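Some structures are shown below for you to check.
In what follows, chain A forms one complex with chain B and a second complex with chain C.
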Partner chain A sequence: MTDITIAGTQSTPDIRTEWSTGRLFMQGDSYPENSYELFNQIFEWIERFLADGGRPLSLELNLLYLNTSSIKAMMDIFDLLEAAHQEHKPVAVNWYYDQRNERVAELAEEFKEDCSFPFEIIPSPQA
Partner chain B sequence: MSMIDLFAMRDTFNRQQIMLCFNGPISRSLIEEIGNALRNYLAADHAHPSAAMDVFAVYIEMTQNIRHYTRDRGWSEQDSSATVVVSRDDNGHYVVSSGNLIEAADGEVLVSSIEALGQLDKVQLKAAYKEQLRRPRDAEVSSGAGLGLIDIARKSSEPLKAVLQPADNGKAFFSLRAVI
Partner chain C sequence: MVQTKPPPLETRISQLLADPENQDTALHQTLGELWEAHQELVRRLERIARISDAYQSLAKQKEQSLAERVNKQLRQLEKVARISDRYQQMMRDLNLALQEASTHDALTGLPNRRLLVERLKEESERFRRYARPFSVAMIDIDHFKLINDHFGHEIGDNVLVEVARVLDAEIREHDLCGRWGGEEFLVLLPETDQGTASQVLERLRQAVERLTVRVNTASVSVTISVGLAEHLAGNSYSDTINRADGALLAAKRSGRNRASSAVTEDAL
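Entry: the complex of A and B
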């Protein structure tokens, strides 16, 4: 299966998928004017992965600032994971953040409130 | 033509504690570049990382709101001008202000929805935010209090202030102020 590698820009995150290990990495800020095109690729990759079998999927996130357009897109992704979880598919999110910036933890917490699958918010000493 | 009195201008900026200001047509890349400068200023100003992120977020939502509004209406670049100011108030709070031309009728709706947001406490704002987040994209009212405005209200330490001033051709100048 094809993996996605998208280099980050000032306003978009680094994105990398690993079909073989079932992991998706996102790192950086996300505030493009229109987030649909960028996030739709990720959404479709996750849909394909979940449809392919019962292998575990985990999102490894080092996201920092998200504009409201990106927040809406991330919510769609978490809703997709939630639906998979309801079908007993193994999905998880690990969201790492720098302890000096509690806003990132608060943002992750608000997403976590609406998810019943394993969702870890992990402080890391370095950025 | 008289020369622009930059010294007087500088004095006004300094007295009003203006860190950054911009007036003119605003493009996607310009929003990013000014945002970058803003982040550098905030770092140099030793702003707390949370406060710096809030100021940056409010700046992004305000300017992208203006871009979306003008683009949805197919306005020319000249009509898509924005006036943006980031300053500090006497209590040391960061203040983000933005202004742009809008249809006068849209302005009335916008001002009343911002006044309605001002009546909500933090818990009610969060509920409104989550409700708006779950609303289908095509059902979003582009001239009402969308997700961006609720997000700005949540990051502000006092109610948002909106002012509408009449302009030519059925338009009005809409000003919004957020105190972080």
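Entry: the complex of A and C
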């Protein structure tokens, strides 16, 4: 299955998928002009992966600033994972944040609120 | 929907039609047909009721799922707004921190050269439009290089921080003291002629003279030299800085730890 690799820009995060290991990486700021276009391909990739047998899927996130439409898109993605979790599919989120910016962790907590699947918020010491 | 107990009239008609005694009467045939037509109508009515009920329950289901979806969307919208507000607050605070960082010196916390230049431009504009006077003082710590060489840069930094603290504490409310670079400070004195400025700067000089910075068991004392210039008509703010610099050089040459004023006629 095809993987997605999108190099980050000033307003969009680095996005990379690994079909073979069941991982999706997102890193950076997200305030794209067309967030539907950007997130739709991620959404579709996750849907395809979840439909393809019961292999574990994990999202590795290192997101800083999100604009409103990106927040909405992330919530839709987490809803998708929640639905998969209800069907006993193994899904997880690891949200990394810079220790010096605790507020990113607080925001990740907000996202986590309605999720019953494993959702880790992990401090990372790197700059 | 199914009629379990037929009403008495229907029972009676069924019985009449079934009775062999009535088989050959003239009305039997007609009543039989009427009975058939009646039965057909009843079946049809039941069918309509069944279909109508099905439609109603379908509509009701649809309404419920619509209400659920609306509620879900509303909850999501509230959450998006809440998270978005927090991101915006975070950006606002970051902006303030950035602005502070871009206008202030990291070591001493005093306004940096960028902010000083901005204020100098404003003051020279006020001078041009309203002829409001202002003075500029250039301050240099005497023999600072020796302190750095002798005690190390860390102590040198401590001295800079302490001198900055004293200067900032001694200026008047509307004066602005910033770090111009290295061991040089600039004081901007709005609405102040050279005479008054000279008194303020003399107070600063004395305050720094009284300062001692502890270094382990020993202590370091420093003095400052000051060059003062009042802004003159037709000059740019950098002309005034140059005249203050010239006065500073004169103060250094005549023995340091003193304030010297630029000659006002110089630039005229």
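Basically, the second predicted complex is superposed on the first by the 127 of 127 C-alpha atoms of A that agree within 3 Å, B and C clash if a C-alpha of one lies under 4 Å from a C-alpha of the other, contacts with A are read in each partner's own complex, and residues count from 1 in each chain.
In the analysis below, a residue touches a chain if its C-beta (ideal position, glycine included) is under 8 Å from a C-beta of that chain, and two chains touch if they have at least 3 such contacts.
Keep in mind that what you see is a predicted model, and the values were worked out from it rather than measured.
A.B. asks: Sticking to the clash and touch definitions up top, decide whether chain B and chain C on chain A clash or fit.
C.D. replies: Partners clash after overlay.
A.B. asks: With both complexes overlaid on chain A, does A:103 touch chain B (first), chain C (second), both or neither?
C.D. replies: After superposition on chain A, A:103 lies in contact with both partners, chain B and chain C.
A.B. asks: A:94 contacts which: chain B (first), chain C (second), both, neither?
C.D. replies: After superposing on A, A:94 lies clear of both chain B and chain C.
A.B. asks: Once chain A of both complexes is superposed, is A:111 in touch with chain B (first), chain C (second), both, or neither?
C.D. replies: Only chain C is touched by A:111; chain B is not.
A.B. asks: Look at A:68 in the shared chain and tell me whether it touches chain B only, chain C only, both, or neither; answer first, second, both or neither.
C.D. replies: both
A.B. asks: Of the two partner chains, chain B (first) and chain C (second), which one does A:33 touch, if any: first, second, both, or neither?
C.D. replies: first
A.B. asks: If we overlay the two complexes on their shared chain A, which of chain B and chain C does A:11 touch? Say first, second, both or neither.
C.D. replies: A:11: touches chain B, not chain C.
A.B. asks: Which one hits chain B, of these parts of chain C: 8-16, 44-52, 62-70 or 80-88?
C.D. replies: Clashes occur only in 80-88.
A.B. asks: Of all the chain A residues, which ones make contact with chain B and with chain C?
C.D. replies: Touching chain B in the first complex and chain C in the second, residues 65, 67-68, 71-72, 75, 103, 110, 114 of chain A appear in both lists.
A.B. asks: So in the complex, the part of chain A that touches chain B is made up of which residues?
C.D. replies: 10-11, 31, 33, 64-65, 67-69, 71-72, 75, 100-103, 110, 114
A.B. asks: Could you pull out which chain B residues touch chain A in their complex?
C.D. replies: So the residues of chain B touching chain A come out as 28, 31-32, 36, 49-50, 53-54, 56-57, 60-61, 64, 67-68, 126, 130, 133-134, 137, 146-148, 151.
A.B. asks: Can you tell me which positions in chain C touch chain A when the two form their complex?
C.D. replies: Residue list for chain C touching chain A: 76, 79-84, 86-87, 90-91.
A.B. asks: Report the residues of chain A in contact with chain C in the complex, numbered from low to high.
C.D. replies: Per the touch definition, chain A meets chain C at residues 65-68, 71-72, 75, 103-104, 106-107, 110-111, 113-114.
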